[in-house]
C-alpha cells in the first residue's frame, strides 16, 4: 500500500523504514526537510507540503492514507485539522502517536462528517521496533481497520519465536498473536496503549524500588553482619534466567547495570509522558483503586524537584510542636 | 509523691517542673550536671549518681520511683539495667520516653524477677506540655498504675475547657477525660503512643500535600485563567474556624505560615523518630493495610536524599527502551 | 440583606435559618414545596417559582441575589441557566454547593456577558453549621464579595473562643479569623474547598488506619504476650486532651466509639463526593505528588466492592506460576 | 554428587528429580513416607530417618550434604537443629526454602561452631522449574559454594536461548548467565530472593491494576461513547509481542485469560508468603521509600477481609459530621 507518513522522528522514521522493507510505499512529510531527504534516500517519496503529499499518495490509485506520528495535543490536532481541510471522502487519518483517547473520540466524530475515516493506533516498540516490530493497539471502524491490515501486519513483530500461550484456542483471530489487535471503536487503541503505559510505570517503579533496597543493603548504618555489598549487575542478570520476574524491562536494567553498575550516567530526574496521568484519571472515573500505578507516577513527580513545599510544611509543624530546631536551615 | 527524674532534656525537664508545680518532689539526675543544677534552682533535689538518687528518693519514705526520660534504645536500656542492678523489691521504673513496646514487654519480665515494677508511659505534649499538660498512655500492672495516680493526674491536662464527648457514659473511669489512660499491661502504653505517632505522620502529610497543591496552583505552567495566587496563611487560618479539618496540627501550620508564608526558614529534610516505622511493622504483623501511614513515612525518607538509586534505574530503563537521551547528565 | 435561597436541604435550610437569625431576609425556593413551607414557618418569604423569587427579592430594593445550594453538576448548571435567562444586569448568583472550580470559571465568564455577577463559596460546617457557623472560602470579583460581607459575616462562626494564631500580624484583613476568606477570582473559593476536602479524606484515613491497627492488636494470631485488648473509645478520648493529633475529626470518632465501641452500626462502604478525585486531578496538573490524598480516596473505592478484578488476576498469576491451588473457589 | 533432599513437596520433589536427571544421587527423606516412596520409584535412595539419611549420604564418600526444602520458620529450624545434633565437621546444610535472611545469619554462626557449613539458596522457578530450571541466589562461604557448583549448575536453567545482555563483559564469572549467583555471605542468597519476591508483588499488582481499569471501561456508569468492551485475553496476548511490558508474569496472565476471560475460577483472596513484608522491613531499616512494593502487599491484606475496621471508622466520621445517614446498615 501507499501511505503518507507525517512526522519522521525516531518513531515515525523507523516505522516508515519497516513499512518500506515490507514493500509498502511511503510518502514522507515533515517540517524538518532534512528528515524528509534522509527518508527519501532510503526510498521514500518526498513531499514538501501536505497538498503534495496527498497528490503523491493518490497516485497510488486510492484515496490518501495519512499516518500521523507527532507529539500529542496541539501539534497533532493542528495537522489533522489541516488534512481535514482538504480531504476527500474516503481518506483515512491514522494517529499513531500517544494521543488521549477522548481526543480520538472527538476527532473521529468530526472527521466522520466529511466521510473521512479515523483510526487510532497505540504503538509500543521504542528504539527496538525497526528491528523487532511494533506492538499495536488499534481503534476505529472495523472495515477500515481490515483494509489497513497489510500495513499493520508489516509493522507488527509477527508470531516469531515467542511461545504460544497455553490454553489459547485454535482458529480464533490471530492478530494478537502476530502483535496487533483491533481493540474497539475510536479511541480504544489509545486507551489500551494508555493503560499499557500506566502498567509500564508501575513495573519500572517495582524494579527501581527493589534495586534501591539491594543497593542500600551496603549501608554502614546497618549492623555489620547484616550488610551485603551486592553485585547488582549479576542480580539483574540472574533474574533474567528462570525467575518469575524476568521481563523486557529487566533485560534493559541488566544492560544498563552491565556497563554502568552504579548508574552514574543517569540523573534520576524522571519524565512522564502524560499516559500515566490519564490512566489515573480513567481509573478514578471508574472508581478503580490503582495505588501502584499512581504511586509510580508520583515518584516521577517527586524526582523532578529538590523539595516539595509540603516537606517544608512538615518541618514547620515539627518545629512548632516539638521545637525540633535542627530543621530550620 | 517523691520520684527521681532521669533525663532532664526538653521533655524530662518540663515534666519535672510541672510535677513540682503540683507539689510533688523531684530528685533530679542527668549526666549533664548543668541540667541538674538548673532544675535544682527550680526546687528539685540534685543527685550526682543513681545511688544518690535512690537514697534521696527513699528519704521520702517509700521505695524509689524512677521516671526515665531518655532516648529509646541502648541509652534507656543501659540506665534501666543500672537501676535494676541496685534495686530493692518494690521499686518502680517508669519509662516515659518513646521505647518500642516489645522492649517494654522484655524489660517488665526481667524486672519482675526482682519484684521491681515496670510502667511504660507514652507521652504527647511537645514543648507545650509544661503549660497545657501531657497526654499520657500507660502500660503496666493495675495496682502500680493506681498507686502512681497522683503523678499522672498532675502531669495530665485535666478536663479543662474541652467539651465533653457526646454519648460518653457518665460515671465511667474518667481518666481518659482528664488526659491519661491505663491502656493495658506492659508495653500497651507505648503501643498506643506508637500508633498515635503513626497517625500523626499521616495527618501531617495530608496537610502537607494539600498545601502543596494550593501553592502549586500559581504555577505558570497552568492555563492563565486556572491559576490562583492563594494566601496560604489565610487559608490555614480560616480552616481553623468551623471547618471539619480543624486540628492542633493545623493551628501549628497556621502559626508557621503567619510569620513565614513561604516557609523559607525550613529545609524540608524531615526526620522520623522510629514510631512511624514500628507502626508499619505492627500493621504488617496484623495484616492490616496502612497505606496512608506508610506513604507518610516514606515521604520523609525521600525528603532526606537528593535522588534515590531507584530513580536512576528508572532513567536507565527509559534510556534503554526509548533512547530518551535527555536523561543522562 | 434580602436574598433568595434555592435548595432547602440540610445545608441550604440551615444556612437560611442562620441568616434569618442574624436579621437577613430570605426568599425561599425549592422544588420540594414542603421544604419551602417549613422555612416560611421559620420566617422566610415563600416563592413558588424563580420568577416569583426574583420579584420578592427585588422588593428589598436591590437587584436579586441568588444563593444556590444544590448538588453540583447538571442540577446546579440547570438552575443557574434558568436564573440567567431572566436576569437583569447587577444580579448576583452565588453557588454555595460543591461545584468543580472549572465550572465556576466557565459560568462566571458566561454570566459576565450579561453583567450578572458570579460568586463561588466553598462551605464546611456539616450538620453543626447552624449552631457553630460555617467556614467559607469565597471566589469572585472583589467588590461583589465586599458587598455581600454582611451575609458572609452572619454565616461564619466569628472569632469566638478559638485562640488567636501566634505570630499573626495585627491589623490585617480579619475575615480569615472570623471564618471566611476571599480566596481569589472565580473558582478560587471552590478550589480551596476542594483541597480542604482532599485533606479531609487524608486525615480521616490516617485515623482509620491507626484505629485499625489498635483493634487488630487483639488478634489471636499474635503471640499471647504481644496482644492487647484496647479500649478504643478511651484512646480516642485521651487523644483529644493535650495530644498533637487532637482535632474535630477525632472528636467525632470519639463520639462514635463512645456509644458504639465496635462501630457495628456502620457498613464500611464509604462514599466520596467528587472533591477527592478533583484534588488528585489538580495535583497531577501541577505534577505534585499526593500519595496520602490519593491512597485515602482509593481506600474508599476499594471499600465499595467485594473484590476487584485485579485481585482475581493476582490469584490467577499465583496459580499459573506456583500452582497455588487453594486460590480457585 | 550425592546429597540428601529433605522435604519432597512440589519444590523439593521436582528439584530432586532435576538433580537425578543430571546424574546426581539423591537420598530422599520426608515425614510423608508416600512422598519418599514416590521419589524412590524415580531413582532416589529412600531414607526413613535423618540418621539413615546421613549414613546413606556418607556412603557417597564424603560428609553429608543436606538440602532442606521445608516451610520457613519453626519447621526448618527444627530440622536443622536435629541435623546439627548428629553432625560431623564438614557436613553442609543448604536451606533452599524461603527463610528470613536474619535466620540464616543466626544459623550459620551456630553451625560454624561445629564446623558445619551453612548455605542459603533462594530459588525461583515455581511449577516450571523441573522443566526449565531454577533461578538461584546463593549465600555462604565461598569455597563451600564452589564445591557445590555441580549441584547448582544442574538445577539452574543454563544459558539456553536467552539473548546475552548487551554490554556485559566477556570472561567474567558466568554463573549469573547460567541462572545462579553467589550473592555473598550467609543470608545474602535469601536476602536477594526476598527482594525478588517483593518486586514480584509489585509487578503483579501493576498488571492487576491495569487489567482492572481495562475491565472497568465497560461500566455503564461511563458516558456511552467512552465505554469499551475490551477483549482482555487478546490484550494480554498482544502485549507479549514487541511491547515493553512483556514478561513471564504477563505470559501467565495471558494463559489465565485465554481459558477463563472473566477469571471466574478465582476468588481474589490473595495470600502472601512473608517475603513481601520482610522486604518492607528491610527497606525501612535502610530508610528507602518503597511505595509500590508496600502498596502491593497491602492490596493483598485488604483482599482477604470483607471490610476493615478503619472503613467503618470512616463511615462513622462521615455520619458524625455530615449526617450521612445512608451509611449505617
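Order of writing sets the labels: A, B, C and D. Residues in every chain begin at 1.
Simple rule for what comes next: a contact is a pair of C-beta atoms (placed from the backbone, for glycine too) under 8 Å apart; a residue touches a chain by one contact, two chains touch by 3 or more.
Values in this document were obtained by computation on a predicted structure and should not be read as measured data.
Between the chain pairs B-D and C-D, more C-beta pairs are in contact across C-D. Each chain gets a centre from the mean of its Cα atoms; the one farthest from the centre of subunit B is A. Computed centre separation for the pair subunit A/subunit D is 31 angstrom, with centres defined by C-alpha atoms. Inter-chain centre distance (subunit C to subunit D, centres taken as mean C-alpha positions): 47 Å.
Centres computed as Cα averages put subunit B at a distance of 39 Å from subunit D. Multi-chain contact residues of subunit B (touching two or more other chains): 126, 128, 205, 207, 209, 212, 216, 244, 248-249, 255-256, 287-291, 295, 298-299, 302, 308, 310, 321. Every residue of subunit A that touches subunit D in the complex is listed here, in rising order: 102, 105, 124-126, 128-129, 132-137, 156-157, 159-160, 162-163, 165-169, 173, 175-181, 183-185, 187-188, 191-192, 195-196, 198-203, 205-207, 209-210, 212-214, 216-217, 219, 221-222, 225-226, 228-231, 233-235, 237-251, 254-256, 258-259, 279, 282-283, 285-293, 295-296, 298-299. On the side of subunit D, the complex with subunit B involves touching residues 244, 277, 280-281, 284, 287-291, 294-295, 297-299, 301-302, 304, 308, 310, 321.
Looking at the complex, you find that subunit A touches subunit B at residues 10, 126-128, 204-205, 207-209, 211-212, 215-216, 248-249, 252-253, 255-257, 260, 263, 265-271, 291, 295, 299-300, 302-303, 306-324, 326-329.
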